[in-house]
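Before anything else, here is the set of structures, which you'll find just below.
In the two assemblies presented below, chain A is common to both, partnered first by chain B and then by chain C.
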Partner chain A sequence: MIQYIIRRTLVLIPTLFVTTMVIFLIVQLAPGDPLEIFVSPEVKLTPEEKARIRHQLGLDRPLYEQYARWVTDFFVGNMGTSFNYKVPVWDLIKTRLWPTVQLMGLSLLLALLVAIPAGVLSALRQYSWLDNTVTALAFFGISMPNFWLGLLMIFLFSVYLGWLPTSGMISPGGGGLLDRLAHLIMPVFVLSTGFIAGFSRYMRSQMLEVMHEEYVYTARAKGLKESIVIFKHILRNALLPVVTLLGLSLPIFVSGALITEQVFGWPGLGQFFWQAATQRDYPVIMAILTLAAILTLLGNFLADLAYGLVDPRIRYD
Partner chain B sequence: MRRQLPVISLCVALLALWGCGGGLASNQAPTAQFDYSPGSPKAGEAVTFDAAKSTDPDGKITQYQWEFPDGTKEAGAKTTRKFDQPGTYTVKLTVTDDKQKTATISKTITVSPSVAVDPTAEHLRLSQGTVLRVPTTAEPRNLLPNATEGTWEGMISGLIFDSMVGSNERLESIPSMARWDWDPENLTFTFFLKKGIKFHDGVELTCEDVIFSYKVWIHPDYPGVRFSFFENIVGAQEYHDRKTTDWPIPGLACLDKYTFRVKLTKVQRTFIPYAAGSGILPKHIYEPFFEENGYDKLKGADLMLKKTIGSGPYKLVEWVPGQYVKLERFNEYWQGRAVEIEGQTSLGGVEQIYFIVIPDPDTQYAKFLAGEVDVLPTTVDQHFELKQNPKAATYTFPQLIYDYWHWNLRNPLFQDTRVRKAMCYALDREKMIQQVLRGLGELAAGDTHPLRWDFDPGLREIHPNYNPKKTIELMEAAGWTIEKDAQGNIKPGAVWTKTTPDGKVLKMEFEIATNTGNPRRADYIQIIQQQLAQLGFRATLRTLDTNAFYNDYLQTGKFETAVAGWRIGSDPDKTEIWHSKSIDTSFNWQAYSNPEVDRLIEEGLNYVDIEEAKPIYQRINRLIVEDMGYCWLSFQQGTLAARPELKGLEPFHPSGWYVNLTNWYWQGKGLPVTVKGTSAR
Partner chain C sequence: MAKYASLVTREVKAPTAELPLERRTFFKLFWRQLRRSPLAMISLFVLLLLYAMMLAAPLITQYVGYDPYQVYVGGRNEGPSAKHWFGTDHLGRDLFSRVVWGSRISLTIGLLAASVTVLVGALLGAIAGYFGGSLDNLIMRFTDVVLNFPFLFFAITIVTVIGPSFWNIVWAIGFLSWPGIARIVRGNILSLREREFILAARAMGAGAGRIIFQHLLPNTMAPIIVNATLTVAGAILAEAGLSYLGLGVQPPTPSWGNILLDGKPYLASNIWYTLFPGLFIFITVLCINFLGDGLRDALDPRLSTQG
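Entry: the complex of A and B
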């Protein structure tokens, strides 16, 4: 086990380097001089001023040196200074992290709470009206773009019915827990529809697969109660891949939901990334992308480990 | 709440007759009487007192003595006096006749609030609790004067920081916290600050704060990139280039607590609107901070919240990152603009303003419809949609922006003025305004704006207006040929061609580019393409990312033709766009060059007085229009929607719909007005 962890970690390092290099190069390839973004376009600068700022930002160094400096700085916790806000990137990310974690955590939780029973039920009653309904809803959820559903909900619940606040995290002037919850309802719903749709289909197919395993027939043949067969023999095994799914969901906690956060004015990392991308705030873009890459790798890694823990068939020797 | 009419309350007309020590029965006492105008004076307004109605039945009045509530006395039949605070004042007049008999009269004058407002007065309560919610597309990053970048930042910053100089509706500079004198001999501006102006923390604003603010802006580390406003101050360049650390630099001095002097190295008219129009920073807050942390450190919302203190009408009280910024009215604001509200006077501006971050334009619209924001800058389509909605009032206002189409004059296709004119004659600009702006715009001509003092209506007459015949005439005069049918009309699909003396064949084929993210310009280039196609010009279209458009395409001179726009400032200086020295270095992307224009641009900079400068700028505009430097397309009107109960929005200031925000109020919440009596200073 320990050996496996060490081996996996060693593989992670080169992967991470390649990823950061790709991120760095992509950002370098984007059109426009970073200096022109650092200072607003309507400002005229003398060549000396330009040279001074360029030097300050380290843009006069060769590319490999810039990369080396960025990577080493990054891994000692210095993500650089935002072009746009002129403050350390981490300070900015910090304030945006909690709203995203909140939104994503709740959406994932809701998704699991709905998707697992829905998937289980539709598998148990395959081709029944219930299964057909769940399937239809799932396809609706998968094909409905989030921003569109979000806007429809805003127009229905905020504009016409006036039940829910349109956007943001709290009302101006602040509000209690209820106010916060009211602001969460629509974005959580919109985000979780996507997850629910995917998860429930996944759950259903897993269930169907396990239901036809021989040990399930054995269990039934033994005369075990149907509930024990379903919960102990089928569900337990069908749930295993969900662990992987959750592990793979880890990066969304930093990447956020770009479009949903944008539509609902949710001050999370997704919106922040969007903003940084449109304003070409390179240090912020690179920091968020790198964090997302790290969490993706980490998520995979953790999922693999957890798999070993919950599934006795898998052993890392 | 007490009700009182803000008219003159004539309390008493008291005649007090003193007995005469001499006991001369033959002398009759005089009658004291006086008038004052205006009849209902406002705070800060000069009131003229006239004792001409005083009489003496048997002689003449030899002496007049006025007594004012502050204890001062004045002599003379006529006198003037200002009351800085609203309230009631008793003025006493004593007249003495040639036989030493006296008579006295007192009158009580009610001064209504106008310029200065007493913060303790009851009328503040009227607007108490009033809230205005404004949507913004992005969170402000920096609110400090001359460091702001986006429109929102400038808007919020302008409410927090007040400047020495403001501008009126024709964009002429007017005194704000200070009036100024210009001494052309010595190239010196002297600013006289008003006394008693307070920062939000109650500390008085003095010349020390002004000189410190200049230090911040001139400082080499300050993130604001508007050093050019200040570069002509004697010693500024050296300080900015770190050649000296001595402060103050020789060009700046405080003559006394309220007098600030600036000496320039050369005439700079823009000094008044730009440099002197910058918001003043309180020295006692920022100096210790900047000295400790460096002039480039302005970190995070927390710090901005604690450190954003100015002398403007609103103060920053809350900042929830990514959510909103809250401002509160500063009731001791030095010009606490009292406004006429529904026939009565009250302190203008709502009490609290929330700037709510809503990045998505559709969500902003929904938020307005749902009643969660009170105003909304709208698109043209939203404007017409909301016009039908009884829950919205729609406004249009002028914007200091024009759109234009221009040619790269490095390209041999476009070097002949006749060819450029021909193309501009091919455009039906009226139709473009109807189609794209739905009529909310007008024809543009010249590098100016109808609202600015240098505008010349004659420019519109010399600018080409749609005329296909002229297009053909001019092209043929310039030596171009095209296939025509039997009736002499251009054959569909034909293109103008010309053979140069060295045998090359030129074809009228080119590209029209613009930036993405501006639907108006995207529409414009399509219409231009269609209209040109009918007259033998073949254009292809290209839209580029905004950053790439300006930096990689226009700046480098790689473009063929492009549609772009300018936001114009309050000064008409044209160096950056039209002077030949700005080719390849500044915004003269098209490489326009006319020695006469160069000369006039340089000459124009020598005039500080706008009346003297005006003819020069009008002449420049005529030249650049005649040279067809641009084909000017349109001035666009801005559109804004607001709750119908929100009043006082108009007139809009040309610099932005939000500039006169201190005059806004909620209907019904501006009444009634009661003014408490206060004693005069």
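Entry: the complex of A and C
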């Protein structure tokens, strides 16, 4: 097991290396002088001043040196300075992280609470009206552009009915728990519909697979009660891969909510990334991309490990 | 010797003569399977209608009598009427003709991005699977790297860096989507290449190119078709998302996503502005997903029991 962890970690390193290199290169492809983004266009600079700033930013170094410096700095916790805000990138990310984590955590929780029972029931009653309804809703869920769903909800619940606030995290001046919850309802609902659609299909197919295992027939044949067969023999085994799903969901805590945050004016990381992209704030763009890629790798890694822990059939050798 | 020669030529000829027949029966069989699913057939019909609408956009707007770019005085943010079927936008342009013309961007980007995805993915997957060894390792490690990219973040970065234009969006979506197909094709080819018919082809002196394109890839068509269909759906949603963020095809050219972006400030006063373009995206993607599901069942009956 420990050997496996070490080997997997060693594989992560080249992947991470190539990932950071691709990120660096994509940003290098950008036309124009980064200096012009760093310094506002109204400021007229002499060539000497330009050269000095260029030197300060390290832009006069060869590309591979710039890359090496960026990567080593990144992994000791220095993500550079934002072009736009002129403050360390991490300080900016820090304040946007919590709103996104809050939003995604609640959406994921709601999605699991709805999708697991929905998937289980529709597998147990395959091809019943319940199963067909769940299937139809899942198809609607994956086909609906979530920003459109968000816009329609804003129209219905904020404009027409006037029940919920249109955007933001708290009302100006307000800030009680109820006020915060009211702001969360619509974005959480929109985000979780997408997850519910995917998760419930996944749960259903896992259930159907386990339901046709030999040991399930054995359990029935030896006269166990149907409830015991379902809960102890089928459900417990069908739930195992959900652990993997949770691991794979890790990166969405950084990258999952971009458009939804945009629709609801939620001050999270996704919206911040979008602003940085439109302002060409490259240090911020690179930092968030790298963070998201690291979380994806970590999520895959944890998913594999966790799956091995809960399922004794998986052996690492 | 002469006897053997005739034997060999007869044997070689026989399968080539039967080949077209075999192929036709594959598609016939497949079509018969697909026709059993009413949902897939309805979806196919709706999609054909949508693509016909896209092709006939100039004729349709000519018939209706409203240009998608022209500002019609007298009505801004009007609701649907006999004159303007979907109402008018904030500048007084006819929304129906804008939505019809918008399909040109959304539907073609979907198809083109999926084509790039399938071409790159199938080719790299086939090369990795057929040659194996360090080439396989190299390609698959790179596939893993791209698979780790969070889609929307990278799409936004690429489009900001190279600029929002029709083809740049196609490339960005294609570049980020191919790993899925590459993995599936590689997996299929890994098992196919050990089969006797590949050994036979190699024994007859077929080169790598011939084996890959004539023997291996045609046999992985089923998963490729299903995946390509779902990629079109994903690409249409991605394009709409990018356009909604202002990173799509730039106005005044309409696309379903950028009409939604334009309409957002008028959500309270003109819901139709938001309703119609979104409905078109939703119906298109829904039909593609239904069709993809039907294709999966038709091409691989084994999967249909598992949903």
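In this text, the second predicted complex is superposed on the first by the 312 of 317 C-alpha atoms of A that agree within 3 Å, B and C clash if a C-alpha of one lies under 4 Å from a C-alpha of the other, contacts with A are read in each partner's own complex, and residues count from 1 in each chain.
Here is the rule we use: a residue touches a chain if its C-beta (ideal position, glycine included) is under 8 Å from a C-beta of that chain, and two chains touch if they have at least 3 such contacts.
In this text the structure is predicted, and so the values were computed from the model without any measurement.
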| item | value |
| --- | --- |
| Partner chain in contact with A:Phe155 - chain B first, chain C second, else both or neither | both |
| Touched partner set for A:Gly173, first chain B, second chain C, both or neither | first |
| First (chain B), second (chain C), both or neither touched by A:Trp90 | neither |
| Partner chain in contact with A:Thr296 - chain B first, chain C second, else both or neither | second |
| Which of chain B and chain C A:Tyr307 touches, first, second, both or neither | neither |
| Partner chain(s) touched by A:Leu258 [first = chain B, second = chain C, both, neither] | second |
| Touching partner for A:Pro145 - first (chain B), second (chain C), both, neither | second |
| First (chain B), second (chain C), both or neither touched by A:Tyr67 | neither |
| First, second, both or neither for A:Leu29, with chain B first and chain C second | second |
| Overlap of the chain B and chain C footprints on chain A, listed as residue numbers | 31, 151, 154-155, 159, 262, 274, 280 |
| Contact footprint of chain A on chain B as seen in their complex | 131, 133, 138-139, 141-142, 149, 223, 225-226, 228, 296, 298-301, 320-324, 326, 354, 356-360, 362-363, 366-367, 369-372, 545, 547-548, 550-552, 576, 586 |
| For the chain C and chain A complex, residues of the former touching the latter | 141-142, 144-146, 148-150, 152-154, 156-158, 160-163, 233, 237, 240-241, 244-247, 260, 264, 267-268, 271, 274-275, 278, 281-282, 285-286, 288-290, 293, 305-307 |
| Interfacial residue positions of chain A with respect to chain C in the complex | 14-15, 18-19, 22, 26-27, 29-31, 126, 135, 139-140, 142-145, 147-148, 151-152, 154-155, 159, 201, 204-205, 208-209, 251, 254-255, 258-259, 262, 273-274, 277-278, 280, 285, 288-289, 292-293, 296-297, 300 |
| Of chain A, residues touching chain B in the complex | 31-33, 36-37, 39-41, 43-45, 84-88, 91, 95-96, 99, 151, 154-155, 158-159, 162, 165-170, 172-174, 262-265, 267-268, 271-272, 274-275, 280 |
